[in-house]
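Report on the structure given below.
To keep things simple, chains are lettered A, B, C, D, E and F as they appear, and every chain counts its residues starting from 1.
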Amino acid sequence: MIAVYPGSFDPITMGHVDIIHRISVKFKTVHVLVAESTDKVYMFTPEERVSFLEQSLSDLNNIKFHLTSGLTVDFADELKADVIVRGIRAVSDFEYEMVMANMNKNLAPKLETMIIFANPKFNFVSSRLVKEIASHNRDLKGLIPDCVLSAFQKKFAK
Amino acid sequence: MIAVYPGSFDPITMGHVDIIHRISVKFKTVHVLVAESTDKVYMFTPEERVSFLEQSLSDLNNIKFHLTSGLTVDFADELKADVIVRGIRAVSDFEYEMVMANMNKNLAPKLETMIIFANPKFNFVSSRLVKEIASHNRDLKGLIPDCVLSAFQKKFAK
Amino acid sequence: MIAVYPGSFDPITMGHVDIIHRISVKFKTVHVLVAESTDKVYMFTPEERVSFLEQSLSDLNNIKFHLTSGLTVDFADELKADVIVRGIRAVSDFEYEMVMANMNKNLAPKLETMIIFANPKFNFVSSRLVKEIASHNRDLKGLIPDCVLSAFQKKFAK
Amino acid sequence: MIAVYPGSFDPITMGHVDIIHRISVKFKTVHVLVAESTDKVYMFTPEERVSFLEQSLSDLNNIKFHLTSGLTVDFADELKADVIVRGIRAVSDFEYEMVMANMNKNLAPKLETMIIFANPKFNFVSSRLVKEIASHNRDLKGLIPDCVLSAFQKKFAK
Amino acid sequence: MIAVYPGSFDPITMGHVDIIHRISVKFKTVHVLVAESTDKVYMFTPEERVSFLEQSLSDLNNIKFHLTSGLTVDFADELKADVIVRGIRAVSDFEYEMVMANMNKNLAPKLETMIIFANPKFNFVSSRLVKEIASHNRDLKGLIPDCVLSAFQKKFAK
Amino acid sequence: MIAVYPGSFDPITMGHVDIIHRISVKFKTVHVLVAESTDKVYMFTPEERVSFLEQSLSDLNNIKFHLTSGLTVDFADELKADVIVRGIRAVSDFEYEMVMANMNKNLAPKLETMIIFANPKFNFVSSRLVKEIASHNRDLKGLIPDCVLSAFQKKFAK
């Protein structure tokens, strides 16, 4: 089975690393889709976000990274993917994912969305919160890959 | 990939039928595990529940049915399954599934739980509610397979 | 418009009283359906439950009380009701009500379910909790009608 | 009974059409209030939004459309409305509606808010998501009225 | 025990007043931290927000007010606080608070977050909603302190 | 401050151990109330449940254990407690706790309920689930104290 795993990854956290490791074992190929939306403001450039993914997951060899600005279902179709995989950390994520999965099923009836649960120990680790804490120069070791740690230190060094 | 899809199926509904059809396309084999717990009171015998499954899914040929009274993780191990698949209809199901998935991950670290969302049009169709309505002799055509419809009619005929 | 307002009312609380007052102003007639299920264990007999309702709502003259053991939709049909009204106190009630409303819509397409929110000050007042507290001989004045207060005192007098 | 049904309708979806049809049967008059807030950015002008509503609901003759920038309770008062009707698709909508209903009850004690549940088959159809998908030139037939379909095609034609 | 109670207080509502009264009885000192974030747009200046707090809570003498732009955990450390106290009004607040509490535990393992529930009668009273209603010149007596009432009247006088 | 921490503890899990450790540091005394309800069926006797608590928490010296069959608020009053402490693992616990806290506030206005969040790594560890898994002879090391591990092994040895 071929999976796409879409996200913003602004930046990748250890929660993402854990999920990608777990699904890379199950699927033949995992295509990580890195969103590049003109509506959103990112902290890191698309190239930086992909580079953090590549550095953090260099031990896996069935993972491919793609920048994408279109709909996930269209890209999944091009890549001949069988499923969209999404990780869920919390109940509040759940309804958004259900709505997206149902809409995507409507747009691409043969593509299925499969959800896996984030590791409980990374339950509180979101890209958004990690950026906020990092901007106050606090150490996030263990919650984000080392390459992101360095990038934060450089960015927020006084 | 080999999947186990555990449940009580007391009785199977069109919600289950829809999910099993969708996953049978994706996985090499789907092992449907029919729970036989001594703690629970079922309306239908294990043999009836399996028979309804067989009749409702006779068009699929990569599905196997098993009666089980043990832990899903143990049976999954025996069957060399890669994933446990669960369908979710509602937010209130979600937390139960998250707890079970995390516990199962703890018991069997290599097995993953994957969630797929029920078809919205069967969102209100649970085995429990279907039994309650059927006991009042109301027609449930379209919500349960025909064999279950007949079984209900026989059981609740006045 | 004619409404049915179904429930167990075991016993009626000030939360129910508040909701019935509010809907009695809006609807031509409100039929209060008092469930009499053989599967459930009630603290008060159907007659006691109806009597508490009558005493607590004697100031309203467009309310009728009915004991019912069938489906709400069937009784609503007999009474030529336009809507089922349900009160919600909490998010956890919400999904149950959504499932029931969707199932009822499937059984009786012309009948609508309308939800109104319980008064926040009775947010924590459920029949179940009120019985539990009363069994410990605590005063529940203001949370239940006086007739229920007396019934509890008699039942749990040492 | 007279109802107000407030919303942004940017644009109207088949979920809204379904709800307005269902309530138009129950209420003497349904006043659809189309919000015109200076704080919000809309994709369609107030006039376009009203026009889509008129075209999509031309078969109903007890519906009136109003542009409003004030509080719903004030407009409801002017229109001598008995209830505010709101549709709910998901648990996450529910708490917002409960807060608004309680606040509105505080501002206008005689006005009640009544909730009806969206048709499950339109469960994933929100104005926001529909706009996002349409901007990628995907077909949304069946999820939005034809007049909105045309407007999207014109807007996003390459 | 020393507590910090962080918030935006833009402006303080009777919900906040109630919570601060309740915790001031329990803790030796309550440090109210008034957030001054450069990312957020406030209706009232930091000085106004602190002044409303001081006027509304002048009857308590173990409360101190601080303007802060840093992380709560850092300020709590400086103030030798034992716990962060947060009030919760709704389920949707809950997950945000759980995530923040877990992250803060990670940053400051000895500091605990304790949650208390808002008084149900102020369940629908948020700073955001209060501002929106006030901008339409509606009376909010009983939901906000008198000093805030006057400030709103001045700000929104026609 | 004096706290009561009520529960069934049938049996104590590492989730409870973690919470009791964290609150024992903050409060002068923590009274652990072990429920002995005639309505509930427990796996372990009250004496066993208290004994597991004592063995698992023998390193703490400001903790006292009490068997109780009454209301928590009554016992808290006798013990001159300032707060009831409860741990929450999930959103679904949250509403139950809010209802109980509001009811307890009604019964004992000076007593506050304070909630702390369970350690995410014990998020899936409930007494109920632990008993179910143990009955299938699976190892739960790390999720329950050693004394409970032994008790399970004795009870479910084949």
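Here is the rule we use: contacts are C-beta pairs under 8 Å (C-beta built on N, C-alpha and C of every residue); 3 or more make two chains touch, one makes a residue touch a chain.
All figures in this text were calculated on a predicted structure; none of them were measured in a lab.
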{"item": "Each chain counted as touching chain E and chain F at once", "value": "A, C"}
{"item": "Contacts common to chain D and chain F (chain labels)", "value": "A, B, C, E"}
{"item": "Interface residue identity across copies chain C, chain D - same or different by half", "value": "same"}
{"item": "Separation of chain D from chain E, taking each centre as the mean of its C-alpha atoms, in whole Å", "value": "34"}
{"item": "Separation of mean Cα positions, chain E and chain C [Å, integer]", "value": "37"}
{"item": "Contacts with 2+ other chains: residues of chain C", "value": "91-92, 95, 98, 101-102, 120, 123-124"}
{"item": "Every chain pair in contact, whichever chains are involved", "value": "A-B, A-D, A-E, A-F, B-C, B-D, B-F, C-D, C-E, C-F, D-E, E-F"}
{"item": "In the complex with chain A, residue positions of chain B that touch it", "value": "1, 22-23, 25-27, 82-83, 88, 91, 94-95, 97-98, 101-102, 110, 112-117, 120"}
{"item": "Of all residues in chain D, those that touch chain B in their complex", "value": "91, 120-121, 123-124"}
{"item": "Chain F partner contacts - residues on chain B that touch it in the complex", "value": "70-71, 74, 92, 95, 98-103, 106-107"}
{"item": "Of chain C, residues touching chain F in the complex", "value": "90-92, 123-126, 129, 133, 136, 138, 143"}
